[in-house]
Amino acid sequence: MNKPGYFGQWGGAYIPEVLYETFRELREVYTTAKSDPAFWQEYLALMGSYSCRPTPLTHADNLSRHFGGAQIFIKREDLNHTGAHKANNVMGQGLLVKRMGKTRVIAETGAGQHGVACATMAAKFGFACTIYMGEEDVHRQRPNVFWMEKLGATVVPVTTGSRTLKDAINEAFRDWVSNMDTTHYVMGTVCGPHPFPEMVAWFQSIIGQEAHKQILATHGKLPARIYACVGGGSNAMGIFQAFLPDTEVELIGVEAGGKGLDTGQHAARLASQDASPGVAQGYKTMFLQDSDGQMRDTHSVAAGLDYIGVSPLLTDLWEKGRVRFAAATDQEVMAALDLTIKKEGIIPALESTHAFVQAFKEAGELDRDQAIIINQSGRGDKDIFTIAHAFDDPSWKDFIRKKGEEYAAR
Amino acid sequence: MNKPGYFGQWGGAYIPEVLYETFRELREVYTTAKSDPAFWQEYLALMGSYSCRPTPLTHADNLSRHFGGAQIFIKREDLNHTGAHKANNVMGQGLLVKRMGKTRVIAETGAGQHGVACATMAAKFGFACTIYMGEEDVHRQRPNVFWMEKLGATVVPVTTGSRTLKDAINEAFRDWVSNMDTTHYVMGTVCGPHPFPEMVAWFQSIIGQEAHKQILATHGKLPARIYACVGGGSNAMGIFQAFLPDTEVELIGVEAGGKGLDTGQHAARLASQDASPGVAQGYKTMFLQDSDGQMRDTHSVAAGLDYIGVSPLLTDLWEKGRVRFAAATDQEVMAALDLTIKKEGIIPALESTHAFVQAFKEAGELDRDQAIIINQSGRGDKDIFTIAHAFDDPSWKDFIRKKGEEYAAR
Amino acid sequence: MQLAEQLRQARSKKDILLMTHLVLGYPSFAVNREVIHQMVANGVDVIELQIPFSEPMADGPMIIKANQESIANGTKVADCLAFAEEMAAQYDIPFLFMTYYNIPFKFGLRDFLHKAKEVGIRGFIIPDLPPEEGEEYLRLAREFDLAPIQIFAPTSTEERMRTLAGHGNGFIYCVARRGVTGSRTEFDASFDAYLSRCRQATDLPLAVGFGISSREDIQILTGKADLAVIGTATIRLVEEKGPEAVGPFIAGLR
Amino acid sequence: MQLAEQLRQARSKKDILLMTHLVLGYPSFAVNREVIHQMVANGVDVIELQIPFSEPMADGPMIIKANQESIANGTKVADCLAFAEEMAAQYDIPFLFMTYYNIPFKFGLRDFLHKAKEVGIRGFIIPDLPPEEGEEYLRLAREFDLAPIQIFAPTSTEERMRTLAGHGNGFIYCVARRGVTGSRTEFDASFDAYLSRCRQATDLPLAVGFGISSREDIQILTGKADLAVIGTATIRLVEEKGPEAVGPFIAGLR
């Protein structure tokens, strides 16, 4: 049997002593909630009335026809309130925070989706809220910053390290060790110290539970493959979990290939040869690090995938051969995004589009009576500055230029 | 009995002769679809699998407590695919276009929501698509223009007249009279010549059908009042219809009070004294016009409400006393938006926020065991440029200024 | 004499009649005056006076602009009526009002027709008022002996044409093609077929309009239609070369 | 002699011992060398050498910056080991490594402890390695006779303190307050209560760190703790006044 909090050899809780009691309390409230069926009912009711669950499973007729292979289904986490699967996790943790009687939440955010989701949850539950966000991501995802602030959260740009997600996590921990009495740290993905990976995966399992029922109802049998992008791994674990026992369903995690795996400018932990086992940010997994154990700079067009580590649950499933890993480059992502928008009228987040890339590469290999599911973890509206920039849209640039001049003039 | 296409003395089909046959065909396909239960089933299935219907009815606990009166429920049309109730209408019309065998759709748009929805529908159904949008609105709603273009639509900025919604409608008609053989004009609201008001209201009635069931299930009885903003009137008719027979439910339409009803800079047709009966854009209703019958310039912070006319169905219900009308000023809208975001973590579109304003004014008058429903027609993400500007957010301005300089430098 | 009869008589003396169009108050009533003088002096048979409307749904860019600028210049419906009265008194050809339905509707339909009759107007072209919506208007037109010109379109079926003709008087305005005013029309075989369908549906004189701008166009129409309608062409001419160019242009058409 | 015993003996001669801290390679090994020279010359009893790590989760802004810049300057773990060897050979006080767990983990735990032992290091402070996750580390520490310093926090229960003490050796590092390194600590009644809880839980010497920077702080601690830990204060001093300011500062503390 594994040590508690371990998945194979991965996971654990490498936490400073000052947080020992905090984690004990968190494990306790989580364990109690997990064994209390009423809690899950309360969670489902909240997600059904405040977000839009169950989210649909959309048959992408046009894309299926275009690739001439498997029937492509899209699990629509983009239709959640706040526009991504992140809502599932924050609402669940919000319920736990209420049980713990804490009054303040903090969170890290990369793409800003988790930050917006967390600020939203805080507004709904009446908690104070501080969001840590790498300064580089503050620039990449400015609209999300604006909304977090309007939601009443304080957004703190993190200027240490590489100024991205990992540094925001460090900063959130630094806040937490000062304020654990009042404050819960709402980790945004299935990483960090135990019980976060397991707990966040539990909240996200709602995705796969729905998808499992939906694919059987629509397609009549299990899908051949399921694709999900992997930043920390929460949307992937969210949809994968329900299908783990169905060994005939192949599960594929897609990481950020950035400028290409051979350039070193990527965030592919399991799909590249560049990662090695390590312990950081409170848990053990495969990290992108140098031979001394210093974390490397990562790169992705998608802020939410731009991270050094990956869920210990996924590393374990990868090691055991249950989940296959692939990477999608920035360039492939832009092309798949364009195709998806034009063919289906659906705008996936840049993060989610990574899953589309790999699905598109493989759809043609399969037969027409087979199905694949792509987990669309979020919507791309939030990425307008990045996408318009990447597509080099002249009228957008013109618009921004004029607005900028207007503001400069005053 | 009324003349066909009339609601009381309002409505009709004041169309150029060249469109006579086109309208005959449209009426026919609409009438056939309406009497075919399989059609509505197909529509429901599409909305359930592609959009996120049924959309939730959210109990706004915090706002209810804040006003200390009625229980406030919010019907969440913002959770539709593309972010507004406009999706309901376009998908329905899309199914009709398929039945008619046409290959191209055109539409007017104000806020851009209908344009994005229509471009999305066109992508999904494989239609060519042209969107007419007043030049002023192109500026106000630039992100939506970007998405329409990415969705494969051609966006034509309309430079005639006041360069807003009404002029876009004229331009769409001008396209239609040239291309009616291949093209369907997807009118975005419950206005225009018969059968548009009735047909769009039919597609939007899905909102009220759901809400009726939902409020009985959650609240145990009918709501005391229902609030909806009124541009053309489609979201309002969408939610009102199911409650029309329940005469104890008061229905309130909220128009754009702009800078105040006494400034003349507003778009309140039925809540002000400034409108009079007229015939334009193919139908008879109350228009904001001068004594010669020339249409006046209207104003609202919400592009989607900035319109001279109003649904003939609503004018009739207003005349009969079934629907009460009120107006919300731009300033009231910004305050209500701020409160709603902070209290509930929900970001209504500027259009929708008009309904919130009036509900907030009245909630305190009612008892705690009474319920009111606000129809949240859309989400406010699309309005970021307007909202950030209106809130005079310095870091947003700074961000835009820097981005602008970056683009100017190349 | 009724308008239809008067046109038939005029037609018996000419191979084809000319109807011209202008937007009242654009660029000014003074220029309108000069243009009409030149038109009449050069043999125009009927003139359509468009009362500007803020939402000219069936018009193309040139006429939209004329409508907008005329209103922006301050043109009122009352000014249009006064101007029409002056023209009708001065020239011995029929004048018609072309406008959108909201103008007479807002004025008060009976008052408007009554007033139009008084100032010497002979009929109306209202492109957004099909007979189904125009019962009152048609009744009043009969009462005041004004011609409610009906419009045929290439998309009109034969049955529809007969219905329209039954409501019409004066002449039938045959829209030459799909689309709005101001672009070119192709006079091909399908156009000929359309015109003969129009001919079969009514005994009223046939006017053909939309995109007619040259001597060649008029020649093609001669023998097929009773009136050729020159709309955007003269507006463009006045715009580019001033009102004094209108006379020679009209003179050169037939 | 074991570290705990050695500290007890030293403590018998002084009211309170001083442990100082520096980040290896920041601003340079040359400055480290100079700083350590001044520290030892002015009576420091133990020195913590922090091997920089890219994710110093438990540190405050000053030490984060030192970690980052040291790595950016090219500091390698091997350089840190070599430097430690040089210092341990040169000075007759105990040197400890402070670092985050990934550094020894990635190096290979056994190799790292072995190497540390070889170069003369006496123990480790690893703030992100609780005993539950450190079984192998604790075993190897015993094997190589190195002190795996355990950390108490104000949030630790008595039971927890006893557990930690059971795994610890050398001394116990009592974190003076919630939060990260570098900010001030209030030495109030609850602090005293905390320290007496610490005292009750273990016989090992007690070191108190986090926010200690002045003679007054040291005086308050005297009698309550065995070691006072000066961390951020000297880094700030070197930053502001150069390494030569360290000697007088240390000399003035007791």
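Read from first to last, the chains carry the letters A, B, C and D; within each, the first residue is number 1.
The rule we apply is simple: a contact is a pair of C-beta atoms (placed from the backbone, for glycine too) under 8 Å apart; a residue touches a chain by one contact, two chains touch by 3 or more.
Here the structure is a predicted model, which is why all the values come from computation and not from measurement.
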Among all the other chains, which ones are in touch with both chain A and chain C? B
Most remote chain w.r.t. Chain B, using mean C-alpha positions, is D
Whole-angstrom distance, CA centroid of chain C to CA centroid of chain D, is 97
Could you grab the centroid distance between chain B and chain D? Build each centroid from C-alpha atoms only and quote it in angstrom. 66
Rounded to the nearest Å, the gap between Cα centres of chain A and chain B is 33
At what distance in angstrom does the C-alpha mean of chain D lie from that of chain A? 37
Hey, what residues on chain C touch two or more of the other chains? none
Enumerate the residues of chain B that touch no fewer than two other chains. none
Please categorise the chain-chain contact pattern as a line, ring, star, complete graph or other. line
Under the stated touch criterion, can you name all the chain pairs that qualify? A-B, A-D, B-C
Considering only the defined contacts, which chain A positions touch chain D in the complex? 12-22, 160-161, 166, 170, 173-174, 177-181, 276-282, 287, 289, 291-295
Seen from chain C, its contact residues with chain B in the complex are 53-61, 64-65, 68, 71, 76-77, 100-103, 105-107, 127-130, 132-133, 150-157, 160, 164, 175, 178-180
Chain A-facing residues of chain B, complex: 48-52, 55-59, 62, 76, 79, 81, 83, 119-124, 126, 139, 142-143, 145-147, 149-152, 218, 338, 341-347, 381-382, 384-385, 387-388, 391, 393, 395-405, 407-408
